[in-house]
Amino acid sequence: MGRFVARRLLYALPVLLATTFLIHALVFVLPGDPIQGLAGDRQVPPAVLAELHRRYHLDDPLAVQYAKYLGGLLTGDLGRTFTGEPVADVLAGRWQVTVRLGLTAWFLETALGIALGVLAGLRRGGWADRIVLAGTTLAIAVPVYIVGYLAQLILGVRLGWFPVSGDQDGWPAAYVLPGLVLASFGVGYVARLTRSSLLENLRADYVRTAEAKGLSRRRVVVLHTLRNSLVPVVTFLGVELGSLMAGAVVTEYIFNLPGIGQQVFQSIQLREGPTVVGITTVLVLVFCLANLVVDVLYGVLDPRIRHD
Amino acid sequence: MTTMPHHRSVRTAALLAALVLLAVPACTRAGEGDDSPVPQVPGGAFSVGLTEPDHLTPGRTTSSYALQVLQGLFDTPVALDPGDGHVIPQAATSVQSPDQRVWTLRFRPGATFHNGEPVTAQSFADAWDAAAYGPNGWEANSYFAQIDGYAALNPADGRRPATDRLSGLRVLDPTTLQVTLAAPFSQFPMLLAFPAFAPLPRAAFTDPDGYDRHPVGNGPFAMDGDWQHNQRIDLVRAASYTGTRPATADAVHFRIFTSKDTAFTELRAGHLDFMSTVPAARAYEAKRTFGKRYSVRPSGTMDYLGLPLWDHRYANPDVRRAISMAIDRGGITRAIYNEVHIPADSVVAAMIPGHRAGACGETCGYQPVKARELLDRAGGFSGPMELYFANSDPTYEQWMTAVANELRQNLGIRDVTFRKMAAADLGPILNSRKTTGPYRQNWVIDYPSMQNYLAGLYNHDNRMGWRNPRFDELLAKGDAALTRQQSTAYYQQAEDIALAELPLIPLWNWQDQSVWSSRVGNIVTDPYVAGLHLDRVTVRH
Amino acid sequence: MTDLDDSPGTPRVDDVLPPPAAPPEPRGRKASGSLSSDAWRELRSRPLVALCAGVVLLIVLMAAVPRPFIALLTHDSGRCELADSRVGPSLDHPFGFDLQGCDYLAQVVRGSRPSLLIGLAVTCGALLLSVLLGLLAGFYGGWVDSLLSRVTDVFFGLPFVLGATVILVAFPSHGLGAMTLVLVGLGWTTMTRVMRAQVIALKDADYVHAARSTGAGPLRLMVRHILPNAVTPVVVVAMLNIGNVISGEATLDFLGVGLQYPALSWGLQLNAAQSYFLDFPHLLLFPALFLSATVLSFILLGDAVRDAYDPKLR
């Protein structure tokens, strides 16, 4: 197990380097002057321009910029935004918003998804099954911003049940609606996955044996089937947690949650290289970690899989 | 760095449970939905919707969002009357010049910063020096360009300047500052209302980053805690304030939104008290929902299409006029901006002294048939037409689409394409004059004077590549004239030349829509630099 | 065995797939044909599938020949008049007018083309790429596999919207072709992993060993023996993927980093509608309806195909 984890971490290193370099190249190598862009119609005096270029290493060649960036990274310096704020501070401030939103969505997804999936699986072919299938498919198919605007309009403004936007003070009320919107997509997948996995397991030999032994169906489902059925669901939920933590650009945009997704989208538009690269690095890292955790969990849940 | 998010998420997870238990749902606030007039009593706190500013050190920003906060934190030498924009004293008691070149500013004695440090003529001189010093890279640098010695602080070749002091500034005594300009400039007092001309305490220079998070000013409000980036900025009434405009309310809470739509929705839901940036798309909704608590106020900002005169296809003024006449300004402001913006009939906005209704004449009207004739007579238009604009606001794309449709339908230009890009990309393309077609920009005024438009848009470095000696001469005469009437007359002649040559096509002037909750009263906004006059707002509490 | 290194990291589309099938018996073309014909029979018997196929067919027709639809359904003058901006639906103009005063039905019909083109082109491109890479990685193993797997990780870890936004903002004057490339560039990883897992499962099958012992070269082994048996699950994932691509492209348009005038698309229409939808809900409604119906149909069709090819769920 230890060796497995160590090797996975080792694999993550070149992936991280390659990803940061890729983003770095895209953000920095292109024409365009972020400093002039900030100034709008007013032309920046040459002396000011020269100073700001020097401050943000904008005149260096790509390789030098990237080397300087990596150097800073090793000493824990993620660079500064063009308003002079350290990127690490930006990340720190925004991270908790994204984590809150991600966790809210994730819990909703897990609870609703598994509950609906079990319900549908046990009532296969019945009305409950059909409704769950139809509803989850719809949730998967309708783009999140349409769901978002409709939810905001109906549940937030017309009915007034939820705050329509939130910042850090809005926890937890302001996170329910965006969490629900963000989760709508995943709920569909979790429910379907649970359902199909449950169905597959209910047909398995050991279930028949258990039933033949005279155990009640409820006992069979709860004790035997559910645990095994959850293996693929846990896999999905693990990866999902990683991608939820990666910030939800659209949801954060619609509900004005100042999280990672919103920040990085803005920074891309402003050509704020250090911010974009910094956040992406962290995102990829989180993603790799989530994958690793999933792999380990996979082994714990399903005894047939062993990492040596 | 690599452990940070992990660490944070662990901490956050630990906080989750505690927060769930502690979180109190937003309680209903006093007076919500009460439409009776707000009593004129001091006290209470109100919230204002804001977009994240870039900096809060006066010389380091020209962002209107920052200016709104600085309106409460700082007293500039003068202010502009919210009614007609005339100069009124604020930190200075008088601003005078015998020749429009050497100006004497006398400051109110006894004023202090929020930390108790006295405000003196030196506080102003230090602040101006810092902003004008090129290597500091402060955003408001160019506002000091008229002051003598600016060039020495900003060498054209990017070398380090030999001095860090403006030679045009002389502190005569603790309350008197003498400012010498490089050339006569009659509009100088107006410029002094811009926040970059506010004084700075010593703390601003010892710890610039800390100061930017927690600016210490000389205005009616002081910071209450640090600026919480992307979340909030809290102001509290300054106890030490002795100036001309003491605050009525006890506190102002700026809440920062990324999306103005969201801010508006928040205000509708009763969680915010004021915002002045209601998106034009929500105009009907705002009028319907807020009634008397909705106001629309003309602003000096003008959208225009600049033309690349170095491209031979745009060299003939008739082609430029034809493009102008093919655009249905009224139709666009109605369809895209819900009649919030006003079609331009002049280079300057109607609120600017010296504006003449219809100065642009037929050229700025919608004349599709004449436009086509004009274009045909000028030899037509060949090749693709590329329209350049920044992606900073979604409405730009909407009205550019309308313009593109009109150019195709009215002028028969078949191949119209977009060059939509980040502002960071557009700026350098415009500066290096590499545009191959009309580009969209707007001019935001610094002070309400015709001179600000004319010098800002048509100066020697203009992005259209337009030069006209007669125009330059008239502008200089206006700057040196001793009376307002004289300068206005020169400026108007210069404007006529710009409109006849039409290197840029004026489109429309913006208006700002404000809405506020029934908790606040005495809402005074101005279109110049201050925005909402925070000090005057009264709160029902 | 730690061959599971990558396979658990499966995202939304393929997680519903069964794990790589146990090495099947070597089959001639006839046998696999019977599996497809079984599947086909299964598909035809379901009314929902017929409905979805109908919707997809309609959208395909609209994208291919928009004119008859427009001529038949509305009175489009071909001009956009700002005076008509946002006028609601009427008998002559069933969807009303858009922000620019263009007939909305005509615009929505014309908007189907880019969505569909991108959905299909991206899926085909990603399918080809992933079949190739998955085949190479799975067959050769060793450093080839390691390298390709790490590259897959790099692209897999990039969040879709962010990755696409960075690239598209960096190249502002992109058209349909560039959009397709970007979406392929970000969309090949899942299918590659599925393909690789299939190939790994198959390459030790008896019939492959048998073929190898008769002197078949690697190319022949890959193309003739492994590919036909490994490709089905990948194609199923690709089917499911079409809807996601269409939805993803619309998201990028919605965020303002996707297609540009004079292109038309549902995503662009939704983008234009977003701030006006409280007062003029029809602006949001029609493109949302078309987009959702298309995506839904593709996803349900993909689902049905997967069910049909997966004997375990029958």
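Residue numbering begins at 1 within each chain, and the chains themselves are lettered A, B and C in the order written.
The rule is short, and it goes like this: a residue touches a chain if its C-beta (ideal position, glycine included) is under 8 Å from a C-beta of that chain, and two chains touch if they have at least 3 such contacts.
Predicted, not measured: the structure shown is a model, and the values here were computed from it.
Chain A has the C-alpha centroid lying closest to the overall centroid of all protein C-alpha atoms shown. Interface comparison, B-C against A-C: more C-beta pairs in contact at A-C. In this assembly, the C-alpha centroid of chain A lies 37 Å from the C-alpha centroid of chain B. Between chain B and chain C, the centres computed from C-alpha atoms are 46 Å apart.
Distance from the chain A centre to the chain C centre is 21 Å, each centre being the mean of its Cα atoms. Within chain C, the positions touching two or more other chains are listed as 169, 274, 278. Annotation for chain B: residues touching 2 or more other chains are 391, 421-422, 425.
Shown for chain A are the residues in touch with two or more other chains, namely 30, 253, 269.
Chain A makes touch with chain C in their complex at residues 4, 8, 11-12, 14-15, 18-19, 22-23, 26-27, 30, 137-138, 140-146, 149, 153, 189, 192-193, 196, 199-200, 232, 235-236, 238-239, 243, 246-247, 249-250, 253, 261, 264-265, 268-269, 276, 280, 283-284, 287-288, 291, 294-295, 298, 305, 307-308. On chain A, the positions that touch chain B within their shared complex are 30-34, 36-52, 55, 73, 76, 78, 83-85, 88-96, 99-100, 103, 152, 156-157, 160, 163-165, 167-169, 171-173, 245, 253-256, 258, 262-263, 266, 269-271, 281-282, 285-286, 289. For chain C in complex with chain A, the residues that touch the partner chain are 2, 4-5, 8-12, 15-16, 150-151, 153-154, 157-159, 161-162, 165-167, 169-171, 243, 247, 250-251, 254-255, 270, 274, 277-278, 284, 288, 291-292, 295-296, 299-300, 303, 312-313. Note for the complex: chain C touches chain B at residues 79-80, 82-83, 85-86, 99-102, 169, 172-173, 256-257, 260-262, 271-272, 274-276, 278-279.
Looking at the complex, you find that chain B touches chain C at residues 261, 279, 281-282, 284-285, 328, 331-332, 334-336, 391, 394, 397-398, 400-402, 404-405, 409, 416-422, 425.
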